[in-house]
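What follows is a pair of complexes built around chain A, which joins chain B in one and chain C in the other.
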Partner chain A sequence: MSLSSNKNILVLTGHEDFRRRLVMSTLSGKAVKITQIRSEDTEPGLRDYEVSFLRLMESITNGSVIEISYTGTTILYKPGLIVGGTFTHNCPLSRSVGYYIEPVLLMAPFGKKATDITFKGITSGEKDLGVDIIRTSIFPVMQKFGIDRQELRIVKRGSMPKGGGEVKLHLPHLVLQPQTLHATKTPQITKLRGISYSTRVSPATVNRMIESARAVLKPTGCETFIYSDVARGEDSGLSPGFGIALVAETKAGWNISVEGIGAAGSVPEDLGAEIARKLLEEISVGGVLSRNQLEMGIIYMVLGKEDIGRVKIGKGSIDERFVRLLRDIKAFWGIELRIKEDDDGELIVTVRGTGFVSASKKIA
Partner chain B sequence: LKNFQTRKRRWDISKLIYMDNINPTDAILRWKGEEEDEYEEEDIEAESDDDDFFKKRSSSRPDDIAQDFDDDMAQPIFDSRFMTAPAGLKNA
Partner chain C sequence: MRPRQNIKTNSKAAKLTGRISKITTTRPAILGRKSRRPKADDASDNERENKGQENQLDEMSYLEIMRRNFETQFGQVEGVNPIVVERSEPEKNKEDENSDDNQLDKEFQDDIDADFSDLENNDSDISLLDSDFEMPSELEDSGDESDGPLIVRFDQDDRSSGPVASKADRKLFMSNKAPLLEAVPLECNRRSRNTKTAPDDEINLEHDIALQRLIKESHILAEHGNDPSSSGFSGVDLSLQPMGKTRLKILESRIENLGAKSLKGDKMPMSVRKGIDAKNTDRRTKYEKHAKEAGIILSKPDFKNQEKKKIVKRDRGLKIQSIGRSTRGGLVISKEDIAKYTTKRRK
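Up next is the complex of A and B:
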């Protein structure tokens, strides 16, 4: 990745973090040109899910200009105003609906009107956040920043590869800017919750996953309850599949979550045990924000008022993706975050908010 | 063990993140101290030939010593009889 600035247009390279860069462009109001998108690939240019995401950006904003080069390896995006609204988005089957919902959650609270989007496609995939994780783990992060009343209703579950699922995202709460966050104490885990689901397979599958996950989690001594959701008939999408999402709930209201879906030939018992072990691993990383919440938490902190916010993260949370996130924040807002090790051996990220105010509100 | 731990946390992650000349992967490796470990492993492997090197030196055969001397000496040997002084020095 490299970046340069050209006449008020930020120039970035590479296909990585495509969604996040467009979201940051919209929130910061800076136009962005992304070049060399898979230029060395045998199939260069944008993928179908990225084009679909651009369509979603057009729908959720007003006045955005998107120009794509003939080969699809360069894109120019001039952001418009976030308006929100009610519409349906058909997601391609290459990515799950989580790929589209995640960036919407970052933008919609700063829109002109409430957002109601129906997403159709795969509800839980391998690469993106599943709908259960968004509901149980991402929404609580938004609430910490003063954004609440959000709802994600699963109308139909849709498994890979054919999908056929449907979810309704409702974001009624509009805010001027996120609240400043101060979370420097590692929260204590109090409960373990989860949901085991299946579509078009034997209902016994969910119980097999639950039993094996419970066996792994039993030594923790935490109260464990895993719900089952067996989709039948029209609610079960077009493909057979199963999966499990586990959540560790804390006293302070932060949730740590992991998820896994059954691949072809995988055994439900193995999946349940594997995801339970992953949950324990994620808990061991430590910090307040877990790895799948980090991006949202940090961006909301950057958007906060001009005050110092602090959040604790585990050392294991720092990876290449985190480095790219902080570099992009510097490129779009020109601010650097401070990271210091605390007495517990974990890291405190200090952010000075940019004083962002929803552009839609300023005009209104 | 103490030295090992201090070496691992030598880099400040806050600075590494914003060093644009280092790509994110290398930044993380440096912070974790894994990049240097790789180099050390390579050096250890390279030094595995040391035993053979010293065996040659300890050989008592004069021919071997002479050959080793020619191969291994880094400093060239000059014969002063065939060396001419610079022109300015001659006049002085």
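Up next is the complex of A and C:
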């Protein structure tokens, strides 16, 4: 085991954005060495979900080299080729399946084969995107970049803490490179929709959430449909739980979404109302890309053709996560984004694509 | 079950209104009547008061009846306010009010329950709890004693308003794919248009198909009629649709017509099948033999012989070897080949 200090290796520190850094490394083809992973922590090193993610990376790539130091605080990743394929991934119960699906969505379109992964574990957790949000709000972003036909089938819903859920992710569309995006107008919202779901609790819970969420959304005067999805019997995983995902649909096809899950002892009405207010807040941030779509949108733009892409974001979207994203982009591709305020008081992000091409679609 | 939400969305209203397109409009305010009297009175209070003032109550109720009679005949007289009368006899009216309120509440509760049951379908729930109760200004001025009719304004949409989410919408949104905005044009629409334009053609086609089927399947139906196992009358025979084995046979023939391989009839043990096949071949050979002896030329050619004729000499590849024959196993040299050379040498 030699963590060789090659000059081509990019050295980053910290445990944050672990997934994104590995994805960027795979897409840019640059080896990365991440040091000081929770080195000050009482439990230093990689967590179980991060190791599980490394396993997933190993499965969907071919020829990647992963070296983890003895304490687990340093990792060297030399990327291989993205291949995709069909397999099952068992997610540990510390994170939900969204944690693993998100990076897969960024890599799978540039693979060699169609990606078809069955994820088992928690379908909607607190920290990561839930499966409903991914389907209703993240897939449309991919479609804007010319990547279609995604499918995410929820076979079983699994709640915290025991999970037992199962989803099937199917990404058959392979592209050479993402299309250049030009979205400089904040779209108008036409419909508010949502999914209220429950596992192993009274089905009335779902309706209680819907009721309170609708009461909050009523003053908007926008038509609101919240569908219920009560998982029964086999489909309902191992733990009781409930949650709600709300989506604001626009005519342009961008969907703004928020979600929340019920914690122990939380009241469905409160959750419904809280999430509805969150949706209104998210809408008020403005911009084309909402906050949970920002990372994917910007990375796809960076990967795009050597052409100028523009996208509008709200001022509220700029937070520390966004800054970290830009820093990582600069580290991997050496490019900077241009952010300029427009007349509406929102920001136009201008990106010049790196001209990335999928290795498996390249013409030799 | 009663979410009493005080929505504070005004702060962002300005921003949101720009973004959210209003589709539903608020209905015109509906005027209703509801007492403002607090319901806090305990039952015990009521009882105590009832006992003390029974006589007065009787008198008042008598007056009340008189007033009502008068009003039914001549209409309401200005100045004689029913609420004022009610005020003057608190116990009776309190009870009335309470019962009224209970009744109202029950109705409301029912409505709300109904809403909960079919919430996901539509925009229909009426949020009575959030509605604003307003006192007309002149009545407010006049004080508590002369409580006039209350104006209840429902600013929320009524249950009848609002679009209803269709099943197709639900399907689109809850499918495995990313939700689409526009529903894919349904096939049923196209079909209905066709039926409108040419209904006769379709009927004719149907009859035609039925007739063709009847011709094709008549032998099966006839067989069924002669079938000794289905002797006697039963309800099955009387029905127009073929039943049982006949139905299965007909189904099979249709499948075969569509190009499927024949299913070889019934399931049976292998030994029985072998027996039947053997008997068949036996019969055929007997028949052919008989024909041959009698000098009859059969219309059917003997397919077994024909198959043999079909065999063409296979191409054995290049013959580049100078001796023996090459096979997949290698070069095979026969004894004769060896003999050729050995004898030569001896000579």
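Keep this in mind: the second predicted complex is superposed on the first by the 356 of 364 C-alpha atoms of A that agree within 3 Å, B and C clash if a C-alpha of one lies under 4 Å from a C-alpha of the other, contacts with A are read in each partner's own complex, and residues count from 1 in each chain.
We take it that a contact is a pair of C-beta atoms (placed from the backbone, for glycine too) under 8 Å apart; a residue touches a chain by one contact, two chains touch by 3 or more.
All of these numbers come straight from a predicted model, not from anything done at the bench.
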Three-chain arrangement built on chain A, chain B and chain C clash or fit: fit
First, second, both or neither for A:Arg38, with chain B first and chain C second: neither
First, second, both or neither for A:Ala215, with chain B first and chain C second: second
Partner chain in contact with A:Lys113 - chain B first, chain C second, else both or neither: neither
Which of chain B and chain C A:Leu326 touches, first, second, both or neither: first
In the superposition, chain B vs chain C on chain A residues touched: C
For chain A as apex, the angle formed with chain B and chain C - C-alpha centres, to the nearest 10 degrees: 140
First (chain B), second (chain C), both or neither touched by A:Ile339: first
Which superposed partner A:Phe139 touches (first chain B, second chain C, both, neither): second
Chain B versus chain C as contact partner of A:Ile318, first or second or both or neither: first
Gap in Å between nearest CA atoms once chain C and chain B share a frame through chain A: 19
Common interface residues of chain A - those touching chain B in one complex and chain C in the other: none
Residues of chain A defined as touching chain B within the complex: 1-2, 318-321, 323-324, 326-327, 330, 336-341, 347
Touching residues (chain side chain C, partner chain A) in the complex: 1, 3, 5, 7, 9, 12-13, 15-16, 19-26, 115-117, 119-120, 123, 125, 127, 130, 156-157, 162-163, 165, 169-170, 173-174, 176-179, 181
In the complex, chain A residues that touch chain C: 135-136, 139-140, 142-143, 149-154, 170, 186, 188-190, 193, 195, 204, 207-208, 210-212, 214-216, 218-229, 247-249, 251, 253, 255, 269, 272-273, 277, 280-281, 283-284, 286
Chain B - residues contacting chain A, complex: 9, 13-14, 16-18, 20, 23-25, 27-28, 31
